[in-house]
Amino acid sequence: MNRAAIIGTGQTRHARRRDDLSQPELVREACTAALADAGIGQKDIDAVVIANMELFEGRALPELWVGEGAFATGKPCMKIATGGTSGTSGCIAGFHQVASGLFDIVLVVGFEKHSEGHTQTGMALTDPFWDRTVASGALGNFALSISQYMVDRGVTEEQAAKVAVKARRNAARNPYAHLQMPDITEQEVLDSKMLAHPVRMLDMCPQSDGACAIVIAAESKAKKYCDQPAWIRATATRHQQPYIGDIDHRLTSMETLRSAARSVYAAAGIRDPLKELDVAEIYEPVSYAELAWYEALGFCEDGEAGRLIEDGVTEMDGELPVNPSGGVLSTNPVGASGVIRVAEAASQIMGRAGEHQVQGAKTALATGYGVYAWADAMILGTAP
Amino acid sequence: MTQRPVFIAGCGQVGPVAEDPRSIVEMVLEAVEGALEDVGITHQDIDAIVTASVDILDGLTASNIAVTEVVGAVMKPEARIAADGMAAAIHGACQIWSGAYDTVLIVAHAKPSMAPYQDLMQWAMDPIYLQPLGVDFLTCAGLQAQALAAGDAGAEQRWAELASARRAGTPAAISADEILASPIVASPLRAEMCAPMEDGASAIVLSAVLGKHDGRPQVTGVGHDLAPHDLGDREPGIWRGLERACNRAYSVAGIDNPASAFDLAEPSCLFPHEEELFVAAAGIGNATVVSPGGGLFVGHTPVVAGLSRLAASASAMRQDAGCRRALAHGAWGPAGQGQAVMILEAGAP
Amino acid sequence: MIREEKIQIPFVYAAGQAGSRFLVALRDDGRIMGSACAACGHVSVPTRSFCPACSESDLSDVELAGEGNLVSWTEIPGRGVFALINLDGADGALLHRLIDSPDKLAVGQRVRAQFAETRKAHISDLAGFVVTGAGP
Amino acid sequence: MSETVTVTIEMEQAWRYASGTAMERFSEGLKERRIEAVSCRLCGRAYLPPRPYCGKCNIRMSSWTPVKDEGELVAWTVMQLPMLDGRTGEMREAPYGMGLILLDGADTTLNHYLAESDPAKLAIGQRVRAVWCNERRGAMDDILHFEVIR
């Protein structure tokens, strides 16, 4: 496999509405920033990968209209759409295209403009014979799984609230984060409006308009353009059976993420992820999910996730800072969210994460997650 | 470029048929089983899957959720490309060249009988300047055809003859006169000039390790491209995007003279003028046989088309020892905005 | 078993920087604006954020004539005539509609813009084009 | 800041979905208040919704298993936000209960509405049964909701 590394990242300002920009213009804001960060021009891009949940904005084949924003006109371009994992899968696709030797530099950009669509389109177009008349959307699906997870692992609302607070306090040091709530307290989370038992408003991710881009380069170009590239050391993708009810105790078991994590750890020679990883950017659409992912990712034994957050292990000054960016809980343009995880992990390796930099980060994990329990994992490092 | 080979190890196809009464899942299952059987393997031999589908055609959000089981993607890597299946095949070849996987299953599916295709495709058009005017893919095809016909008095007769020739000897056979007598759908295009929109699914096994000993064809070049969205920003009489895609593929395959390089071309052309655009952009010569089985003129499934052309090319090479090199093509978007090609070379005879 | 299911959902798209300027000029002044690229000189229409010829974003707005030449057209039964029009001063063509088009059309034929009486910052504020003269 | 313009387009679209033969048989059964799962001869799992293929074992399935219209509540929530009701296309008023239900005889769970919407009265492990509509069309909403068996 040819070596490849991330040499630049770029994000838009994320917000509830970005009415000021069209979809192509929003994408361009992130792409321009990524090219500037990488120190390259548009002519250096050999191919483009776009990630997006097309029906959220009512679009079909959105790259046809939006591609011009991604410098894709006259270039090879394809779109990855795998639900919540679209962004991370887009990054892995870009990595495979560079590692193939076909392209030297691939630009990957993910975007979503939730404000332009109908928030519940996703639910309106589920399986018409099974889910459509009796579905409760992503929120309800999470809440159902959480009710099981709490019983299975003894996780408490207070522990989930700590996750929610950690995310927003971290986000306060990230100028790109959508939610800015530096003074948030656990009590505020516990007092926030109940949406779907046990999930409260501040346990949940926002819906954001935004885009995020990364530049992936082959070894020779990576060394030419970047002092400290973020080398892609391992990737894995796992999909699951198609119905929510197919997976027994979904959050508790999270077989896909466990398997993906095992795969990338083995490939990168990681035996104890808590000790050997320096930072993790994981896709946690709801506070409780982060606790479940700690277990699935092997940061702790099953049943120990609550203790991990209580002991501050995953705080910025803890043994393994998780989501220094503020995570999906602070910023969630779905098609971009996975790219943001990878971009943030890469920025940590490149030493470009600004006020939320984890000092001396050498090995980083980024993950993606979709509602049907699909999972992606990627390990980035300072050396190939 | 790495030198790792990628073989077209096997193919499975469902349709095209005007309206398949089965579910998408059932159609895809049959295509996938056909491809595995063609190679003589099971899902255990597949390392990863790349699917191609378009949500709005299937009326489903993240439409690949529905097919995860039947493509064998449970607890496996799946990438889903929302474009023509040829783009998915190119991505699968990249995965193999990268060394990430040895064997990748490519699957594409669509059921245009579910809803009016042209209405759905308006949602692919720029929603500020074009969609509100009612511009769809057919509008763009008509504008492109007229730009070609305007300075070419013989164009319509020639196109009718071409569409007739493609269907000759098939159940859809029709004379050029009948084609010219059929109603206008987007002037100068007439109903019987257009590839009929039909349901289908296609599955192809790409592999670095399977197929070599059976003399299966090898992928030696790939290329794809995205042209400007608005037809007003393109030269309407030239497929520049396909030129770029082909030149990339020729560069990978080391082909200097496409005019004499190919025994067979299997383009994804929905109208006769598109075949003329294809021949010009690809730079193929008279010695290249184009669409011997009629191509999409005997049945066109959007999304599946490019993969079906790849399968047709591979099948021709397996049956005819004289067919040594082929160019397979897929396209998507208004008037061929997205273009993708793959070059196949026959295995050891 | 076939089951038909229907959805009805409104989508609201931001016209963005370039689109907003184009649609406001159309509504307020009945002017058709295009974009001139500082990098390659290409003049596109309607107003663009990115040059369709070179992808650069250093574009300036230019007012284009309400007249031009027919590049191509297509009649779709029941839906009217769509056309590509090369407005005087532009390099690219505008994709829009023809109003009351004669039976015989030709490349290079002169056409003129016709604006809607009530305008609302929408592409249909430009009602379409009428043929004003024979081809060259 | 200069004026920003938006363009509204209404998507009004219908699709003709094919059920597949397994779902057709299941749907016909619902009209007669009959629930049937398809089971895999390798792993033995009885699947709801019924489908042609076991994705765990990669094998076709054709064996039908009767399933009761009562079972165990294995997960629950009470929605406190109005959500789009797929049956009516209108917003469904909150609060309302949702559950994952493991019907007797099935190995996968069914998601559906619960009659109970008081979180204090819901618990994992409760027995629930289907409340059927009088007029049934052969669809999942032939079951109005599930009620807790006291």
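By written order: A, B, C and D. Residues from 1 in each chain.
Basically, a residue touches a chain if its C-beta (ideal position, glycine included) is under 8 Å from a C-beta of that chain, and two chains touch if they have at least 3 such contacts.
This structure is a prediction, so every number in the text was calculated from the model and none was measured.
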Partner chains that chain B and chain D have in common: A, C
Label of the chain whose CA centroid is most distant from the centroid of chain A: C
Centroid distance [mean C-alpha coordinates] between chain D and chain A, Å: 29
Approximate Å spacing (C-alpha centroids) for the pair chain C, chain D: 48
Centroid spacing, where centroids are CA-atom means, of chain A and chain B in whole angstrom: 33
Residues of chain C whose C-beta touches two or more other chains: 2-3, 5, 7, 9-16, 19, 23, 52, 122-123
Shared-contact residues (touching 2 or more other chains) in chain B: 21, 59, 68-69, 73-74, 120, 123, 127-128, 132, 228
Contacts with two or more other chains, residues of chain D listed in rising order: 4, 6-7, 9, 11, 13-19, 23, 27, 55-56, 139
Graph class of chain-chain contacts, one of line, ring, star, complete, other: complete
Sites on chain D touched by chain C in the complex: 2-19, 23-24, 27-28, 89, 138-139
Chain A residues touching chain C - in the complex, by the definition given at the top: 18-25, 28, 32, 42, 57-58, 68-69, 71, 73-74, 113, 115-118, 121, 124-125, 128-129, 132
Complex contacts: residues of chain B adjacent to chain A: 1-2, 48, 54-57, 59-62, 64-69, 73-83, 87, 90-91, 93-100, 120-121, 123-128, 222-229, 240-241, 244-245, 248, 252, 332-334, 337-338
For the chain C and chain B complex, residues of the former touching the latter: 2, 5, 11, 13, 15-16, 19, 22-23, 44-46, 52-53, 71-77, 79, 82-84, 92-97, 106-107, 122-124
List of chain A residues in touch with chain D within their complex: 19-20, 58, 120, 123-124, 126-137, 139-141, 143-148, 151, 193-199, 241-246
